[in-house]
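You will see two complexes here that share chain A, one where it goes with chain B and one where it goes with chain C.
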Partner chain A sequence: MLLAVATEVISTPKFDWHAFAPDLVLVVTMVVVLVADLLLPDREAWRTSSITALGLLGALIPIATLAHSGHERILFDGAYVVGHYALALKAFFILAAYITVLLSVDYIGEGDYYNGEFYFLLLVAVFGMSIMTGARDLITLFVALETISIPTFVLAAFRKHDRASNEAGVKYYLIGVLSSALMLYGFSLIYGVTGATKLSGPHSISEYLSQHGTEPLVAVAIFLSLVGFAFKVSAVPFHFWAPDTYEGAPTPVTAFLSVASKAGGFVALINIIYFGFLTGNAHSAANSWWPVLWVFAALSMTLGNLAALRQTNIVRMLAYSSVAQGGFMLVPFAAAGIAGADGPLEKANSAMGAVVVYLLIYGAMNLGAFAVVIAVARRTRSAEISSYDGLFQISPTLAVVMGVFLASLAGIPFFAGWFAKFVMFRSIIDAGTGWAIALGIIAAVNSVIAFFYYARPIRAMIFHEPTADDRTPIVIPQPLVAAIVLTTAVVVVVGIYPQLFARVGQLAF
Partner chain B sequence: MLLNEFLILAAFLFCTGVYGVLARKHAVLVLMSIELMLAGVNLNLVAFGAFHGDVIGQIFALFVLTIAAAEVGIGLAIVLLIYRNLHSADLDDVDTMKG
Partner chain C sequence: MHSWFDSWALTLVVFIPAIGAAIVMLIPREREDAIKGVTLVTTLATLGFTIATLFRFNYDKTSTLQFSVTKNWIDVINSHYHVAVDGISLPMLALSSFITVLCVIYSWNHFPEPHNPKAFLALLLILEVGMNGTFVAQDLILFFIFFEIVLLPMFFMIGVWGGPNREYASIKFFLFTLFGSALMLLSFLALYFKVDVPGVGHTFDMVLLSHAAGSGVVHSTQLLIFGGLFIGFAIKVPMFPFHTWLPDAHTEAPTVGSVLLAAILLKLGTYGFIRIALPMLPEAAKSWAPWIGLLAVIGIIYGALGCLAQTDMKRLIAFSSVAHMGFVMLGIATLTTFGINAAIFGMVAHGLITGMLFFIAGSVQHNYGTRELSRLGGLLKQAPKMGWILGFCAMASLGLPGLAGFWGEFPAVLSTFNPGGDLSQPLFRTYMVIAAIGTVLAAGYLLWMLQKVAFGLPKPEFADAHIHDVSSFEWTAWVPILLLIVALGIFPNLIFRVTDDAVTCQTAAPFVSKDTTPVSPTLVCPGSPNPAQTTAQVTGGGG
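Showing the complex of A and B:
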């Protein structure tokens, strides 16, 4: 009798296997990589990279079928939602990880590194990102964020005997954990005031904000959470770990951190801001948080660009450039808040679409730039900008491709970067108030400053004489060629035909 | 019910942790300070959970505990790595990169 009652009360929740298929493929790949690493002899350990690549591409299949089936799938009482937005970003993260694998194969294979563990950690981080895209609950969000962070701490410190890599790991770790703690304190206060951890739907944070507006404690809680996220996306003034970590970590890991891990932070920010603070009538409370993002955006763009001007090491330059690009990506958030505080939500929707489009384009061009850096460093063993002297005479193709990526990062038409900047500026014009225009002016000035430092390696490549004695073209292994070709294709095609990504941005919101 | 007392204690723990992270130079003490911050978070969550009369707060606290344990595991491993290479766990010694 008791058992009958118990089974009635505790019913198994309906589980949509299809919605979870991409994540499950990733988990299965993780296990296979670990077991394969155990069974394979040392000289065949590189095969784990092939398994990882296949697993990542395999995870794209259920994403395609889910996108085809079209409707939004709501799991676990709204804590995990798989819709167009989640699918587009899942595909982005998986492709970014695929390109990272292409960048890593020779780097990790040739160094005295642990193959299987490297790809396992990479897969765990990607799994965290995949979960993050669907997270609509503070607990899910937190677990996903940590699933991204914890493996990347280890990846940053992956060269065990190299002090720079150790330093990269410890700085990234301490800042990462500190930011999690700040964010969690914010989350605990949000939960305390609203009594909910779900972001939207009945009995949720957005419902509470719709009914009660902002109280001072909620404002403090939101502020603390945003500071936590600011660390993750390396927004100024919480960026000081980024250059050191990027320089010290193995370069493929740096590429992964600057693209996928940063995007993970931005997706978390989109989830909490769009689904938590902007749905329903909650956007009337936007005045309590958009100034914070406004300041982060303005500072990140300005200080990131000014610091990048001084760098002589190209990885450090790209690190500060990614801080500045992060600032550009924060602009639509501030714009969405400004627009949301006034009323109509359509503008906030298009601003969030702008963030997604910016993320996709930034991912392609930054991964491409790092691919060239890795290719050049195979010959020069250096990441100084001076080592790019005369690259145009040595390897013309490589120099042209690097030029394309840098021009795209600077936002020169008609490479993809201009469209990213375009949607960012459009979100500002949509918002239209004085504060939004002020931020737009800061962004415009910074876009001009950025030209100067992106042009420096280009100038070195074309106008300087090569200093090295060895003037034969740099030999690039095939996976690296594939990565460069893929990213160049995206940057050029999207630059000429931006509707491709604009459509993704519209579908998502 | 008693809520404010718990919140004040949690805030005190959290602030002690923040001070420790900023002021301490030894990596292990910094890790302990971070644990203090998380203890403050957990106390907050459980107190609010009891206040709202639901279990979400306690579940959240369980997740925080578990993940904090994993994080400290990784953290100690990284500190050990530093100690082996530098023969010191002082964070001031870990600053070869500048600029």
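Showing the complex of A and C:
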């Protein structure tokens, strides 16, 4: 026995190059971008965006081949796992970053910002997300999370000469560091009690929990790490940085933060909650964490929505909306905990699948909404909702598309958002206890409140008369058009045939 | 030919309008004639397929789902694209595709400000997708999608082309219905997870869920699930006290919007009760029925009194809708074959008559520029044809025998004399008396409206105004409705014959009391034991 353990420890870990190929492509792209930025003359600096875009698309190729090969690749003794779940989310992050690049090209190019550095930082963050998808170990997870966070602190402050942007960066940085500290403290307690950093498998946290039950200290540790994650995903009451950061940051960065970075937090949460505190017979731990997530979900939905109702600036509104959407995404976590605490994992699996489906759909519709915001701001130089007055008469297509994204965010069929809401409701009704139903009803009421503020820009665009003198259609640069077309296509096609994403969610768990 | 039609007819009826809407959106805004032409052709083609369906429908088996198509849709959640019609949905489907054509014809030269026929007609076509789809869907998720699709087009119709208070009315309409459908969706999910269909397990299939009739769900849970369905459908109907969105929406909506709202959208709610709530949770329905009946009679009286207090013609008709839908809901609440048949008839009749009244109100507004009852008068002098049509519709609406309205109202009241499902007779007979008073009030407010609008002399401000009588477009749109109102009044069996077996088998079967003989003892329902056995089973299991 001892000998077996010893040989296992000293054997060199087998390095699966194929499994790492997507991440390696990202690393190579990073280096190329840095070098290119150094060599290219200033007026050619925009080419770094093309390199970034190509690199991101290139990273999709190994993802496809890995998905084709099918089996789950377990690396480093289970600390890094590449399976359907990781691959689906890697593809999601890379596509989200690709759309962000499309949103940024003209914004960054025209704004006299540093091109190379912008795309380099973006790629680093995506690399962190890509690692995060496979992380099954507290340390890997933490490193991945910081790899996401640190570049985004800088990106948020990228409008150097703008005080709001500086405030955004600093606020985001301070909160990020605070949350990391809390999380690390929680992690250290978990390690101290369980003696493991690995989440599942032999000699892991979940194995310890299944054998020893959940001690009070573990519950405290879980609570502290959850609070850390709550900051990352801007769950109420740890959300207050989000609106200021979102408003101050360059809009493409806001889009990236609200989608990819937030999703990074959620993926980390899935990894630790599902693999560490639920699978492998660790479900006794579920009772110590689902009430926390229940409260986060209920508060985020309700307060996020109520605050969004009062906004007159569309970016702030979308910031609060993303807080509320985060609350909806936390609902299946609570459902998984409630259902998983009793034993069989089928319901928890489908709840986790619901989170993945929600993330994919939310990503498409939120990026799309920000794409339109960027397009409109090119003309109006404003993010006030009143600046959308009469957009339907100025640029009908743009107004209709914005309406599609907002309706989708509100969960109106037949746009993809309905299915995200549906799987969320499905998971909580499936869990079936009184607490679950109560959360379901809170979510239902909130999905109605949400429409009220999503409808506000729609009403401005379509019901109101234009106030601006310039009534020529807004000219939108090609990359932005591409971003809008891509996201609209996803929102409409998935809305009509949700099986496409539902299958991904099912494969993942 | 045979199999091709059977498997594609309903899909085409639902999605031809969607194709039409896509084409309309591609036509440049300036080419209005092309846009109108495409829309008319689209709605006519849809109606054509509906009529072909009517002809090919097997009227000897109205309780069987016909033209049934099942295709995989969202396997992961076990939801299918399942469309089919039976005797309950067929009249509604026909009504929906019929009224839409007439709306297109009516709006030909009547586009309200800010004009823009392209957007208006595209929305109208999307609306038709939702309406037709709801009546043929046989899968709860599919039903939910179609039920929701109607919201956005109507929201925009009211919000863009509506009256002065349109923004408030449109968002109110939307939030009310959205709230209802959110709870409805929760109930659908609960039905999925709680009801154990023998041999199938969990399913969203409406037919299987109806056959399972809530088996395996404890009574308290049934009551909760029914509550969610009730709120979802009752807001749509709308029943008192959820009706407050309706007068605002109707008053502000453009004419065609009001017509569609009254004729079809409200029916989605009552249809939901008949198709989903009652058959899927019969035990809960028995417990809820007295309360539904109570709210229905309150709605009848409240709607009637509300009418008498109105100063706006459209708002008056809107309140009369609350009252009329009260009769429909009362018929449903009796849980009898008779009452539910009457309810379906009432739905069609109300759709035709109130739709027609809204058309006239629209034309009155178009001519006089106002709907204020105090400023109107003498329509019979200035536009005699329109005045006579208004009189005719008022008569139909108050339930004059020989016209369609009678067959919706009278049997509904009559059915309360002997309610099904072991409901309290004294209670329902009390409801009967109140509803009967409601019919008197209905006569009161309709005649009062007629007197205000049509009789007397025109008010001085309009004395010299040149009022257009019924135009050719209006004739084209209205004559079919008027003819149907007469036809259904004289031959009520046109509808009763279609609905009766389906209602007996699918909706009312669990509620037949042991001591009453089934309407048609020879009738054998498909897919389930015959009614007598079903009764024995349910009462046996429920006791």
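FYI, the second predicted complex is superposed on the first by the 497 of 509 C-alpha atoms of A that agree within 3 Å, B and C clash if a C-alpha of one lies under 4 Å from a C-alpha of the other, contacts with A are read in each partner's own complex, and residues count from 1 in each chain.
The rule is short, and it goes like this: contacts are C-beta pairs under 8 Å (C-beta built on N, C-alpha and C of every residue); 3 or more make two chains touch, one makes a residue touch a chain.
Everything numeric in this text was worked out from a predicted model, so none of it was measured.
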Room on chain A for both chain B and chain C (clash or fit): fit
Touching partner for A:E167 - first (chain B), second (chain C), both, neither: first
First, second, both or neither for A:H18, with chain B first and chain C second: neither
More chain A residues in contact - chain B or chain C: B
Which superposed partner A:G192 touches (first chain B, second chain C, both, neither): first
Touching partner for A:Q506 - first (chain B), second (chain C), both, neither: second
Touched partner set for A:R471, first chain B, second chain C, both or neither: neither
Which superposed partner A:P413 touches (first chain B, second chain C, both, neither): second
Partner chain(s) touched by A:V143 [first = chain B, second = chain C, both, neither]: first
Vertex chain A angle, Cα centres of chain C and chain B, expressed to the nearest 10 degrees: 140
First, second, both or neither for A:H212, with chain B first and chain C second: neither
Overlay on shared chain A, then closest C-alpha pair between chain B and chain C (Å): 25
Common interface residues of chain A - those touching chain B in one complex and chain C in the other: none
Complex contacts: residues of chain A adjacent to chain B: 138-139, 142-143, 146, 150, 153-154, 157, 160-161, 163-164, 166-167, 169-171, 173-174, 177-178, 180-182, 184-185, 187-189, 191-192, 195-197, 243-244, 247-248, 310-311, 316
Of chain C, residues touching chain A in the complex: 72-77, 141, 144-145, 148-149, 151-152, 155-156, 159-160, 166-167, 170-171, 174-175, 178-179, 182-183, 185-186, 189-190, 192-193
Residues of chain B defined as touching chain A within the complex: 7, 10, 14, 17, 21, 27, 30, 34, 37-38, 40-41, 44-45, 47-48, 51-52, 54, 56-57, 59-60, 63-64, 67, 70-71, 74-75, 77-79, 81-82, 85-86, 91, 94-97, 99
Chain A to chain C touching residues, read off their complex: 407, 412-414, 418-419, 422-423, 425-426, 429-430, 432, 437, 440-441, 444-445, 447-448, 451-452, 455, 459, 462-463, 497-499, 502-503, 505-506
